[in-house]
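Below, subunit A partners subunit B and then partners subunit C, in two separate complexes.
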Partner chain A sequence: MRRRRLYGLAAVGAAAALTLAACSSSGSSSSSGGNGSGAGSAPAFNAGVTSVVNPSTHKGGTLTFDWRAAPDSFDPGNTYYAAVWNFARFYSTALMTFKNCPGACGKTLVPALATAPGVASDNGLTWTYHIKPGVKYQDGTAVTTKDVKYAIERTFDRGVLSNGPNYFTNLLGGNAKTYPGPYKDRAKNLMGLTAIDTPDATTIVFHLKAPFSDMDYLMTIPQSAPVPPDKDTGASYQTHIVSTGPYKFQSYALNKTAVLVPNTQWNASMFPTVSQLPSKIVVNMNMNPNDVDNRLLAGDAQVDFAGTGVQAAARAKILANPTLKAQSDDPITGFGWFFYIDSQVAPFTNLACRQAIQYAANHLTLQNAYGGPVAGGAIASTVMPPTVAGYEKFDLYGATTKTQGDPAKAKQLLQTCGQPNGFSTGIAYRSDRPTETQGAQALQQALSAVGIKLTLHGYPSATYFTNFAGVPKYMSSHNIGIAFGGWGADWPDGYGFLSQLVSGPSIVPAGNTNIGMLNDPVVNDLFTKAQGITDATQRNAIWGQIDRQVMKDSVIVPIVYAKALIYRPPSLTNVYFNQAYQLNNYAVQGVTGG
Partner chain B sequence: MVTFIIRRLIGTIFLLIVVSMITFAIFFLIPRLAGQTTYQLAAQYVGRNPTRDAILQVERQLGLADPLYLQFGRFLRGIVFGAHYRTGPTDTYCPPPCFGYSFRSQLPVWPQMVSDIPVTLSLAIGASVLWLIGGVSIGVLSALRRGTLFDRFSMGVALAGVSLPIFFTGLIALELFSYKWPIFPNVQYVPFTTNPLLWARNLVLPWVVLAFLYAALYARLTRAGMLETMSEDYIRTARAKGLPERKVIVKHGLRAALTPIVTIFGMDLGLLLGGAIITEVTFSLHGLGLFTVQAINNQDLPEILGVTMLAAFFIVIANLVVDIFYAVLDPRVRY
Partner chain C sequence: MAVPIDVATGPGGPEPTPAPAVAGKAIEGRSLGQIAWMRLRQDKVAMAGGIVVIFLILVAIFGPYLVQNPLTYHENLIDPTFSRPYGTLGGISAAHPFGVEPITGRDLLARVVNGARVSLIIAFLSTALAVGIGVVMGVIAGFFGGWADSVIARAMDIFLAFPLLVFAIALVGVIPSSAFGLSGNSLRIGLLIFVIGFFAWPYMGRIIRGQTLSLREREFVDAARSLGARGPYILFRELLPNLVGPILVYSTLLIPTNILFEAALSYLGVGIIPPTPSWGGMISDAVNNGIYSVDPMYMIIPGLAIFITVMAFNLFGDGLRDALDPKSSR
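Moving on to the complex of A and B:
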């Protein structure tokens, strides 16, 4: 799961900010920065969801990103933040990427460093890629497939680079299971991973332990971007990354400010999926969330790096002002909020008891807890959001029709599961996230109506998965049967969204994300079957089947398909929402003027 | 005097060791007593997506399963001699004073804090000058014009200053003077060495907001002190001797009234140097206060431990300076 951070600091001063919003909602449209739009049509609310707003090829100016947080790492091999994966295309080039276009088209896979999508062997166990010849690092040295192999190898040392996903560790064959990474294994010229071959400077061959048809999607992750072994310094590589993208780091004060300038060694004709428009890119980190919004509205910054939408104060300001509203988008982001039901904690070992929760939940109050229909999202009835390939619309429990729940049906199911008077259980949530705190309280109230007594257990976000909700033993020993969670796909298809959430093999003793503890042979078999199918349409049909089966198993209660109110300053060009990154597409943006 | 300073310095070092022991115990002993395993502790040192092996590796590497006195010894040793951490193809050396290595930001803690100190220093020094001059002046004038409209108005403003939290006044100031009427637009910290004018311009709002809170307190304290002092017999004597009123007020009245102000000023400045948390968060200033908030949000124990030690250091040093200053003013304190 790519992480999206929620920021406790947002709460500080929220009341004051709202007051300010109230007294300054009029007339603020004139404060928008920039000098007008380019050749695009007049901006309209949600225009950026389906079309490119303010298209332009203008070069120059400074594109300023403000971020209320800081990256887990800018190192392409050590990050799991959606926003960083999106931003990393400015300075790193993975083997594959997504097409430059709004709407569903943006989920189309296209080659980046590779010349074409991977070619799978007949048994699906070997994937071969060729990289574009003549690609150079910022210092002019040539990129070879050995650098790609090394970049992947270094991610095996989880003690040093522990932030990124571990798909390669889990999927590759050869000695992948025991390979410690190049920092420990200095032998064999740093090329000790036998699961990857590099027969020549432009060919790379991956040997898998089982067929995996999402390989091209996996290659969009920045972990496959080349890293020169002689320039790698491990954890501190993040402060002097060697670029292969259109920009390179001029300076980076860790967690404060990064400045990127054009990379003169980058060849635009080779990489049509990224642009080199602004003459400088600045990222300001750890900013006050309300200040980020104000700076966007004032034109001091163009992009909210997090891309998860404006705060309550700015939201009120934008929605009340038609001009500002026309400069905003409210897309379904592709992120889903839900709560798990742990099928190993009694009485949820009984399917009917789990299904009773589906009916007892009040979806409307939960939606409000998450910010309402604009900032929170649309009431969900499936695990996968509509933007994920393989999504199939269905509503087994009437979440979207009986939005306030169906207590009568819930009571009936409680009878079936042998708990006619209800029962007691605990709920885990991240207490530093106001949405989950309010959600837990809303659920507590809704379940009490059918006799289910919920005890609230709030935990800090930082250790939520490693020490509490993600530790099955902890959940069962503390009688916690429900846990809040959220998910964004690592790539926009069913595998990317569902595999870590509901597949049996994903269950681990700590850091577990299959908190529903679902180990359904039907689901597991469907995952295996899908990975043997190379045809995307057939595969997508299976994701829909898995989603339906998971909802039948009732280990997840969807709350909302997340939405985010994103403001587009008029000075920002080439703006549109990208469904693959679940954010605006940063790598093509420019600014007017300058 | 020299003996006094040496004695106080030894006391300060002893105090810092005690503070470090208490801080260390809070982070490493209390969680153990509460049932936290060393594995769970190690999980907080690893990045955001750790495997079990990675956590075990960190547990071993940091010796978290060792007895606490050994761990504390290593911690002190790191502060004095530095330490090495395995972070890639080669070890990363954390030079003294090494407060540990942050596995979240993947850098030693001390250099991160050092880069934040100029911001906090700029904020604290500038604001303290403002509040000291403003607060004391208003306090003196209020005392001298007791009961007048000026006195009532300034004390009313002072009451507001004490009552209004910085995250409110800060946001108001930003909204009005940075966005609505952009007198101070695009407020971001610029190092003094880069551009002194921009440094000052961008710090005006944080200085004023922070000083507003403290000046209010100092104005009320000064007023009360001055009222008490000016009714003393020796003031009447000074006037009876025919001294000019300005000399009576400044030399005899204000000097005596300032004694408690100096004490509080030393403490306040010491506290602020440890991080003006709310001001820094409100104005997105990357000082020690914001560093502290991030460390707490990330549950980054080495960073929290480091910044706690540094804040304690500033307070202890501020106390030391105040004590020495007292000793200069009043020889009785030296004995």
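Moving on to the complex of A and C:
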């Protein structure tokens, strides 16, 4: 889960080369963007957070994406990048998707390939979907539910398709735990996955081993997009994906350039959530981050694929120029940065000692470490960011009112926990991430004011969870009581955000993401209770309760609700931020001209 | 190190060359050291370099007690939106003559001065290690020759061919946070001194070996030998005093190389652990955050510190070589 957005964020600092803003004043080069209906909101700072900027139905032109990185895979069944999940809707159609509207509305679940949301029966153990009849692949052959089942089956072979999430393995009943995937199964007994039935060409039935009320969210992940079995070649399928969306691949030079053109077999009236406006889509990969910004500002490209915001140089340029500022958005992305307090490492076994940290932390210097209020994020007081369904606003420790901390209160709590003169502990962070390196120093400095001495332990990102911070034994044997982390949910509700962070059963000996080691029966019971509730409103209320309980237990100290300064070139139409993908909604965008 | 005249007060090697008579003054014998010191004094550039070197050493020793705490945050001096200091040129003001660090607002003068201490400690100790090993190995190879020479010469070839940077990065990566009774930065500094010093000795070793080879065939050595002097006497009384010049010169030239290497390692993230300041680490911060593009002073100031230090050592080293060995080509 956590991997989803990390790539883009990790790359922010990695490749800042010495291109010292060589581009000329770019405001003048922008063409007037009034080609379409023009009835939408006037371009203003943050307009794209709550409304559709530059709405248009104009067809034609080339939509260019620039990306500082490259995908794990474009294969809808083999990717865990938020940006690819968003982009994949151009060429794949999952059972469910999100409504194409700005603001909180964008988290609304709507059917894509399915005709309606799933119907639960048998106490939530069975979920049934029907797909739209008459949907075709780019070659004209009809899509059946057998292809959907096959698409899910192929994700079971982690040796071949290793990148996607593995919810299906854990949730489905039948032979899901032992099923090796079609590549091996084909040769053996052709049994297939027994937990999925396809009684006819338009019906698919999922049998779960325990009730799971977030099934519709799970179906928005492109893993449920149909794949024709006779065209599947495993990991290399990404080079000749058979499209069911508005675009199809014309060419793909691996990790360099992809070109997509309109898919003539696609039926616009069936799929109102995506559109077919540009006559060509180009994705340029592995580019220098500052080059990406300069190309966006010069109008050579329209979208930063990673969507995690511009670099420091472009940030200064955009915010200092009112014209450019009006062409940018600074949304709360839905990603949260925080640090864990390991409740199994002394003296953090004592609640008061953990709560002392909440007061001792200087939220302002931590926010600066993550890039400040625009590029970094808003000071956080809850684990869940405001864009997640179930978010409830509260501030137990005054993080947003006393932003520079409350050392007096912290000292008082240290007295209570029997450490009046402070103590020594370690802090784990990813040393290849400038934000966490800065954050660790800021926290070290803030805690030294109340006598708590922090020793810095920097680790490489690649093995951070598998060998260090995610190994409870390592943490306790090295007296490391604090660890930095961040989280973005796979789907925008409390389950997606919280379950791996704070539920007791999620604690594992390696690769642990519940680094606070919270095993609070109150929290665990609330999770169980929520999975039995099918009504979304009632369920969402529980996520807020869990968040509050976690903050009371003080195993997580939130730092910021991440924000990203996203530039929208004037030539880009239908621009708005989508809270579900935590990025601008790619699949409805068009360009002026052409 | 800065006073080469000490060299000459030691036991003289070969017969001192008679100094050219200066008109109007009594003819007096001068030692090699005196002559070298005279030549050095006339070399203005080298003297300037030497003065800067002495100043830097004084800064490294006493500076940290005179400046502010390099760890204190001044978040009120930072414009959080742009992550850069308020004011011009990186927030230069009377209170912060070098400005403040972006993001944190820590005093830059304090960090540069404290960084000087770290950089010079590592540079001097690693040079001492390299010179120590290099001289012993070079003298053994040059003086005894034969199989000892073959073994040491091959060893030096291997060390010179070693991908040092890769090795250093790997080594720092695998060493745990505490080892050999050290932990944190003292371990890291020790490790850097070892890595830099241990791999720089062949440069010194080769020079010393060559010098020893040529010296041991010289007449004064033959003379000593014919008078019955044995190995240790020749080594310590005849050869080593004549090696002091090259050792001094190449030590002075090795120091700046080691400063740069330490900065490079810090830049690559395997140097000093934050928040302890180091010059390479500061430049690394500036680049990794992309901060150099909004606050160039943050990169320029530690960059200048490295530049001035390396240049001063190099100019002084060059001047010293000219003074001690005027026959060597420039």
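To be clear about the criterion, the second predicted complex is superposed on the first by the 548 of 594 C-alpha atoms of A that agree within 3 Å, B and C clash if a C-alpha of one lies under 4 Å from a C-alpha of the other, contacts with A are read in each partner's own complex, and residues count from 1 in each chain.
What we mean here is this: a residue touches a chain if its C-beta (ideal position, glycine included) is under 8 Å from a C-beta of that chain, and two chains touch if they have at least 3 such contacts.
Just so it is clear, the structure is predicted and the values come from calculations on it, not from any experiment.
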Partner chain in contact with A:Ala312 - subunit B first, subunit C second, else both or neither: second
Contacts of A:Ser73 with subunit B and subunit C, given as first, second, both or neither: first
Partner chain(s) touched by A:Gly372 [first = subunit B, second = subunit C, both, neither]: second
Which partner, subunit B or subunit C, touches more subunit A residues: B
Which of subunit B and subunit C A:Thr115 touches, first, second, both or neither: neither
Touched partner set for A:Leu254, first subunit B, second subunit C, both or neither: first
Which superposed partner A:Thr57 touches (first subunit B, second subunit C, both, neither): neither
Touching partner for A:Arg158 - first (subunit B), second (subunit C), both, neither: first
Touched partner set for A:Thr455, first subunit B, second subunit C, both or neither: second
On subunit A, positions contacted by subunit B and by subunit C: 12-13, 16, 20, 290, 432, 460
Interface residues, subunit A side, partner subunit B - complex: 3, 7-9, 12-13, 16-17, 20, 24, 31, 70, 72-73, 78, 80, 158-166, 169, 182-183, 186, 232-239, 253-256, 284, 286-288, 290-291, 294-295, 297-298, 300, 432, 460, 462-463, 466-467, 508-511
Subunit C partner contacts - residues on subunit A that touch it in the complex: 12-14, 16, 20-21, 289-290, 311-313, 315-316, 319, 362, 364-365, 367-369, 371-375, 404, 431-432, 434, 437-438, 440-442, 444-445, 455-458, 460, 478
Subunit A-facing residues of subunit C, complex: 71-73, 75, 78, 80-84, 103-104, 173, 177, 184, 269, 273-275, 285, 287-291, 293-294
Subunit A-facing residues of subunit B, complex: 40, 43-44, 46-55, 57-58, 61, 86-90, 92, 103, 105-107, 112, 115, 167-168, 170-172, 174-175, 178-180, 182, 185-186, 188, 278, 281-284, 286, 290, 293-294, 297-299
